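Look at the two complexes coming up: chain A is in both, with chain B in one and chain C in the other.
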Partner chain A sequence: MSRAEILEELKKVLTPYTENKEMLAGITEETDLIKDLKINSANLVDIIIDAESQYNIEIDFDSAEKMFSVGNCIDVIADKVNHSA
Partner chain B sequence: MISIGNDIVALSAINRQRTNDIRFHSKFVTPTELALYQEPAIAALPFESFVWLLWSVKESAYKYQKRLDSDLIFSPAKIIVQIIDIPQTLSSTIVNDIWETENLAGGFIGGNVYINQTKLCFKSIINDDLIATVVDQNPLFQNIHWGIQRIIHQDTENQSDLVRMFLLNNLYSIYPNSNFSLQKSSVGYPILFDNDIETEMLISLAHHHQYISYTFKLNGEY
Partner chain C sequence: MSRRVVITGLGVVSPNGIGVSDFLHAIQNGVSGIKFYPEFEDLKFNCQVGGFPEFEWEQLRNYIPETSLYGLKGKGIAFGIKAALDAWMDAGNEIYSEDTLWDTGCVFGSSVSDTDVIKTAINRVDAKESKKLGSRVVEQIMNSGVTAYISGRLGLGNKIINNSAACATGTQSILLGYEYIKFGMAKRMVVGSCEFVDRYIFGGFDSMRVLSRKFNDNPEAASRPMSMTAGGFVPGSGAGALVLEDLEFALARGAKIYAEILGGATNSGGQRNGGSMTAPGSAGVIKCIDDAIKLSNIDTEQVDLVSGHLTATMADKYEIDNWSKVLNRRGDNFPMVNSLKSMVGHSLSAAGSLEMVAAVLQIVHNFVHPNINLEDPNPEIVEIAGENNLSTKMVNKEVNIVAKANFGFGDVNACLIISKYK
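And then the complex of A and B:
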């Protein structure tokens, strides 16, 4: 999966957790989940669980703590997807 | 170094079924924390309240420590709640539309939490609607003010405005002749200004769906 493909799928994962749909449509790798998308931190675990289901991967503690920006999320997901391929 | 941190969780907004799924709670609840649920007083709580209490304490501890270490990354599985003390007589804290206190001495759920080898103390409220927490290094929680307000569910930007207004209303009741304003630090904690001069008052704000909460520590003439 390319980073662009992961980004498109990631938008679907993030959709239920942000009210800012306009910004979501235009997210870049620099977009911060909390500061920019205003996602409540209480939903961060939901996003990890949903990403695990979306990409059929498992995200451990150490990887999960890196997932605070879109780019970091893509890094983690790409790494897990490539290792499970 | 001193700091302050708080958090609030609106229980109407959590997914109870998902919370009970080990795949979910094992992302931030450690085995030693899970063992705390074997204690009868703690096991009297609904499991999802126990899980979100841990989250609320960890989030509050992170906010406390982030002010002191701007590079800190939120890693809830590495913030360890060691003790949860549920008093025999819980304060009859019924949060109606507005609840405020400056006395955190007794009647609250309390305990200890460790973040990066720093031991912090917490006080929490749990009822059917919410879980709210304040964290401090001093177990006496002296000079700490805490408020919770129920609002009509607004979008995130409005929640943020409303919690600032809630805080400032309380501060003006204490310092009526001030001219306060709030700004956000580069790492996200609120900074209070009086007549455009930065004060040293420690403040933490939280919001989640229909609940907003402030806490601040009075330090003389701020």
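And then the complex of A and C:
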């Protein structure tokens, strides 16, 4: 799965958690989940849970703590997807 | 310094109507919100009828942000949000405020935090999947969930209190909000209560054999307060909400004023002398109503309408007897009396606030709503209350003062005196 493919999938995962749908449509790897998409920090937990089921992976605590920007999310997801593949 | 407290906004999520105009139409026309639920038959409940609002999650679409709506599962909280925000807008306010409203608080009551959400948590945790619970469980199983959602959405910064006193919750919550304004601690309070009776709470009452069980094939006839054939209450769900304001504050912003709360009281019989965990003792009930009347500076003759607790159990006749004693009125001289529960069932914590909204509407529109299903009133009740005061049809009549009371498990009583604003 390419980074671009993961990014498109990630948009779907993030959709319920941001009011800013316009910005979500145009996210890049630099987009910050909390600062830019104004996602409630408590919801990062839900995003991780949803990402786990979306990609059929397990994201450990240490990896989860790195997931604050779109690029970091893709790093973690790509790593786990490739490991389980 | 003592202030006058007026009602400037109403919101309601009732089994027989959501929103003030539907609810008004329903209570004027004796529309029942009681239905048969196959689920309860399936569960082998004795009582298989209930009163549930025709609520859909979509109805909250413009009330809370989409991100907040997503993941909201607690129906009691949802009813509370809808009623409270409707009352807030009815009072002429915008939902969203940029800054914290330090003068405005919230007292909202509930009995049980959402057991559907708790069930999800129990199942997940027991399956060793607590990791999948996510961030939205705690806020919905905490008792203060409903006040947290309401106050957060409106930006309320005064006292934010979740209140619980079983079936006296609604009336007591409104009384607390009234007192904070009356004694100068707040200018404005969003008050009310909510309840979602799910199968687990329902089952608990069913097992106590206090529910109506003989009308499963005729649900609209199942809730029969004060009737000869009353055989228990019908569980209901919903929420009622009011915006209370300091009179001067309301006048200064040009708010429309529905009615005034003259006073109220809440107490307990101490579970002594006939009072118990489940039964209200007469001495406490009488003292509570008497205190409310005295604090309101009215004469008992001025009460035009009694909005009773009257759930359709054995206790109805004792309640009427208590009203008669404290008001010192009997027979034709007894005020008119009605029970909203005949149409919507008994929604526990939400009962008091739903009935309070009904009381205000009867004052504003000058009518007494019908007691449906009271074709066969209990003769002992007729003897005390007089047959002309127990109408099964709506009565058009000037209603200046309503006395509203509820009594809850734990021998807790609450009474409010509401008046036309003059």
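Rule of thumb we're sticking to: the second predicted complex is superposed on the first by the 85 of 85 C-alpha atoms of A that agree within 3 Å, B and C clash if a C-alpha of one lies under 4 Å from a C-alpha of the other, contacts with A are read in each partner's own complex, and residues count from 1 in each chain.
Note that contacts are C-beta pairs under 8 Å (C-beta built on N, C-alpha and C of every residue); 3 or more make two chains touch, one makes a residue touch a chain.
This structure is a prediction, so every number in the text was calculated from the model and none was measured.
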item	value
Contacts of A:Tyr17 with chain B and chain C, given as first, second, both or neither	second
Which superposed partner A:Glu65 touches (first chain B, second chain C, both, neither)	first
Residue contacts on chain A - larger count, chain B or chain C	B
Partner chain in contact with A:Asp46 - chain B first, chain C second, else both or neither	both
Partner chain(s) touched by A:Lys35 [first = chain B, second = chain C, both, neither]	first
Intersection of chain A interface sets (partners chain B, chain C)	19, 40, 42, 45-46, 49
Chain C residues within the chain A interface of the complex	65-67, 70-71, 131-132, 134-136
In the complex with chain B, residue positions of chain A that touch it	19-20, 35, 38, 40-42, 44-46, 48-49, 52, 61, 64-66, 68
Residue ranges of chain A touching chain C (in the complex, touch as defined)	16-19, 39-40, 42-43, 45-46, 49
Chain A partner contacts - residues on chain B that touch it in the complex	9, 13-15, 18, 23-24, 27-28, 55, 59, 73-75, 77-78, 155-157, 188, 208
